Amino acid sequence: MAIQLGENRYGESGVRLLRVVKQEGRHDIKEMTLDIRFEGDFEEAHARGENRSILPADTMKNTVYILARQYPVEAIEEFCLHMADHFLTYNPQVTRVLVGASETLWTRVPLGAKPHPSTFVRAGEEKRTATLDGTREETTIRSGIDNLVVLKTTNFAFEDFRRDPYTTLKDSRNLLLSAVIRADWLYESEDIEFGPIWHGVRKTLLENFAEHDSRSLQNTLFAMGEAVLSTFDNIKEIHISLMDKDCRLADLEPFGMDNPAEVFLLSDEQHGLIEAKVRKTQ
Amino acid sequence: MAIQLGENRYGESGVRLLRVVKQEGRHDIKEMTLDIRFEGDFEEAHARGENRSILPADTMKNTVYILARQYPVEAIEEFCLHMADHFLTYNPQVTRVLVGASETLWTRVPLGAKPHPSTFVRAGEEKRTATLDGTREETTIRSGIDNLVVLKTTNFAFEDFRRDPYTTLKDSRNLLLSAVIRADWLYESEDIEFGPIWHGVRKTLLENFAEHDSRSLQNTLFAMGEAVLSTFDNIKEIHISLMDKDCRLADLEPFGMDNPAEVFLLSDEQHGLIEAKVRKTQ
Amino acid sequence: MAIQLGENRYGESGVRLLRVVKQEGRHDIKEMTLDIRFEGDFEEAHARGENRSILPADTMKNTVYILARQYPVEAIEEFCLHMADHFLTYNPQVTRVLVGASETLWTRVPLGAKPHPSTFVRAGEEKRTATLDGTREETTIRSGIDNLVVLKTTNFAFEDFRRDPYTTLKDSRNLLLSAVIRADWLYESEDIEFGPIWHGVRKTLLENFAEHDSRSLQNTLFAMGEAVLSTFDNIKEIHISLMDKDCRLADLEPFGMDNPAEVFLLSDEQHGLIEAKVRKTQ
Amino acid sequence: MAIQLGENRYGESGVRLLRVVKQEGRHDIKEMTLDIRFEGDFEEAHARGENRSILPADTMKNTVYILARQYPVEAIEEFCLHMADHFLTYNPQVTRVLVGASETLWTRVPLGAKPHPSTFVRAGEEKRTATLDGTREETTIRSGIDNLVVLKTTNFAFEDFRRDPYTTLKDSRNLLLSAVIRADWLYESEDIEFGPIWHGVRKTLLENFAEHDSRSLQNTLFAMGEAVLSTFDNIKEIHISLMDKDCRLADLEPFGMDNPAEVFLLSDEQHGLIEAKVRKTQ
């Protein structure tokens, strides 16, 4: 019997960055958080403490700031591509680079009818995301959205489901559905206008969540995925997860009152979770 | 020497509630989190475990749901008033009721050019708040805003400040200022349209943060407070705190690069904090 | 009508620090988070952007590190005293200094039967705290403990409490009581051995929570406070808050099962909160 | 081109539970949080809103409480096995069950020299974990530990690493190393005494972190993994991740002071991350 090193990776997480681009009469900002991982031949570092192949995680962090200075950031996907390109070019010891980017969204403060040229308000907890998986042979990039919290008060039901002796849930219709949407998707080709597509996918997800006459969370998830794939030619797969937030009808019967879907108790703890991939086939 | 009970209070915290109001063709929602505290003569409960004067915190929670059923909630301030009125009416053992409300904001999902009638997206981390302090003689209510995160890239400076041997900060001008605004304010009278005033104060705070040619955080805070008091006749005092978020310029000199206020490092940990009351005097 | 500045203060929050003291064969560490606030005459800074009286919050942060280098930290209370002394000595424009310290606790990794001389494991979420309020005339220091989570399965009850039409809670006895203890206390004199007293108070609080045959949270809180004041001559007042964590008995009746206080549902959201001061009188 | 459903699963997350076992003179408690996922043929539910194969996530939650009532919980791994067995037995539509369990650790309050029979204090942020992946053919169970925060002040270095033009990190020796350990491991056989092995692995990880004369995080990780595999015959693979917490030496040179590894700045944001599997081979 011998003991050996298996799959391994290392890198820097949570590198936060704000990039300002100043043009005459208008400033733009972009806030990102980056995670970087290297895979490669790091056997000697693990087994013998021989560090010649280990570029410090601290250097990855420096590189983020340097590349952000060099490139006036437009889409986080493009920034991930610059990062991966840099690391694979200068690090023969690395066979694979993984980059994750999460964008914190800001909107301009309105000043009268116009958006302010240089003052911003944070747009919320929702994030725009990108994940890159790159080797010297192939690069895969996924765009995504995270923590998009939605709620609908009609047009959904959950009925005629499987029951066992431990089931107490009753058929329901038009109570309340609140979910946290997370999605990421894969492109057909590499020639993508990331910004407009991201906004388009977000709009399609929201509209289909809103308008779908849902028979279950699974049913709505699939409808949302189908709508995205039907609308966007260059998306070939989407992965969606819906976190079903706990919204229970307050029981007012002990006080002689009804509660016709008006007062709900909320919780952010225990919740349902549904996830699926939806994809195009030939 | 004797040992005796001093100031004391008890209650229920973090009671979360979603209220739905359904009208033909349009549903409205309001999400709130409530904190309730009672003060009164609870000496016997503490000293002898005699509970006759202790209405359970659990009953406070029930009462929140019941009152939410009875009142189609319009402004959180009004809901606080209903709560305090109920508790003071039915609990002679209570001398003072404190109610804190925090509203989680939702906006309608846009559907084409129109807002959707029954589907919502959570608007962010910002909260609308209200705090009530009520006795049988007097009720004070404050409206507020919390966790409003803003950022400006020009029109501020911090120069000619006091220095001591441990000071390393340099004079700065038009780097980057990011702050978290918290504010709450007190009314002159009781006849207030809480909703429109809240939106007005928020707009005034944001516009003055944006437009003020700031010489310090203190200077901007005071300008914001002054603007609110000048604009709204029925506000007599405002308390503002500005949390100065850490945004340091990335040092790219070691790499032979300048950084003309373009790339910043961010952190949510250590931060400055400025707070002040601004008030009208006769 | 005029508009004027009211109470105001500023400072630095969340300054984190780890201090290592190395002796032959044994290293000691102390981790602290500091909050500092200045009060004084800052009218000109607010109203006119005149910064001559504003020592930057950034300098407060530098000062924390410098003082930590100068003083081999023993008790956080002593470190707060050094801070306040420094700031009041060198800043005539400041009339009052507030310092809050929170210590993250570490224990030594055990190595066989002995504690390791230089390796530590973080002891949990519980914090040791200190708060100092100092002017040139007077300094008040309070020691404290925060986030001490406890649970007992017997020797408590909550019965014969006040009921109203909205009360559904039933009398209970020996179900389950889980609470988060926060406490801080005030000393009679200034000549205090902070470390031993802190450990003594913690022990007294825990033992009395454990052993008190409780008739309510209020009753237990008072017993805990009384025990601390009776045990420690040099403590003249203690403020205790008990956050009553939500632990509901799982209702297994729908499945034909009883649940004799064996299976509980937990939540960290909604909770009760009881707080009181207990003090000595002449 | 067609659109079709790919990999999918659903379930309930964050089900929290406290189990009390009462024996004469001694009560025991166990706190767990459970995540459950089902995989199976859910095509019709997604595509047509036909719910006959969907056992509600709410039923999973009920089942957790019911099984907790039936089994006096000993090890969380055993509870996961009961859960998977139940779901696979009664749900032919399910092909795979995934269960994750995380145990919140409590210790007894000491009362004099003895542990209290029925009062507990929460032991910290560290969790004991288990993950089960079960089909009708095969069940894999992994035990683990999460969020074990450690720190050492000597016996490590990071030198002679790879450098590029963006590298600013200097060789270091005996500064400060703080890491968050997460690990999970796989057993050779099914006949395991989960409790004693978990405590043994924890002890081995801590001792090796403490005693290893480290040349890098990778080097320490491998040594820790090797020690676990050498010590425990029935563990065949361990996956370890070390999150390298940011601990920078305070720069006191501007103030004319040295800092011989005594004062450090801490942060919980940006951090390095190293992870690897170590396994036995024939």
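Letters A, B, C and D mark the chains in the order given here, with residues in each chain numbered from 1 onward.
Heads up, the rule we're going with is that a contact is a pair of C-beta atoms (placed from the backbone, for glycine too) under 8 Å apart; a residue touches a chain by one contact, two chains touch by 3 or more.
Values in this document were obtained by computation on a predicted structure and should not be read as measured data.
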{"item": "Remotest chain, chain C as reference, centres from CA atoms", "value": "A"}
{"item": "A-C compared against A-D, more contacting pairs", "value": "A-D"}
{"item": "Classification of the chain B:chain C interface as same or different, half of numbers criterion", "value": "same"}
{"item": "Inter-chain centre distance, chain A versus chain B - centres from mean C-alpha coordinates, in Å", "value": "29"}
{"item": "Inter-chain centre distance, chain A versus chain D - centres from mean C-alpha coordinates, in Å", "value": "24"}
{"item": "Computed distance of Cα centres, chain C from chain A, in Å", "value": "38"}
{"item": "Touching two or more other chains - residues of chain C", "value": "16, 62, 66, 166, 168, 255, 267, 269"}
{"item": "Residues of chain D touching chain A in the complex", "value": "1-16, 37, 42, 45-59, 61-63, 66, 90-91, 93, 158-164, 166-169, 214-219, 221-222, 225-226, 229-230, 237, 243-244, 269-282"}
{"item": "Contact set on chain D toward chain C in their complex", "value": "16-22, 27, 29, 31, 62, 65-66, 68-69, 106, 109-111, 116, 118-125, 148-155, 176, 206-207, 209-211, 247, 250, 252, 255, 257, 259, 261-267"}
{"item": "Sites on chain A touched by chain C in the complex", "value": "165-166, 168, 254-255, 267-269"}
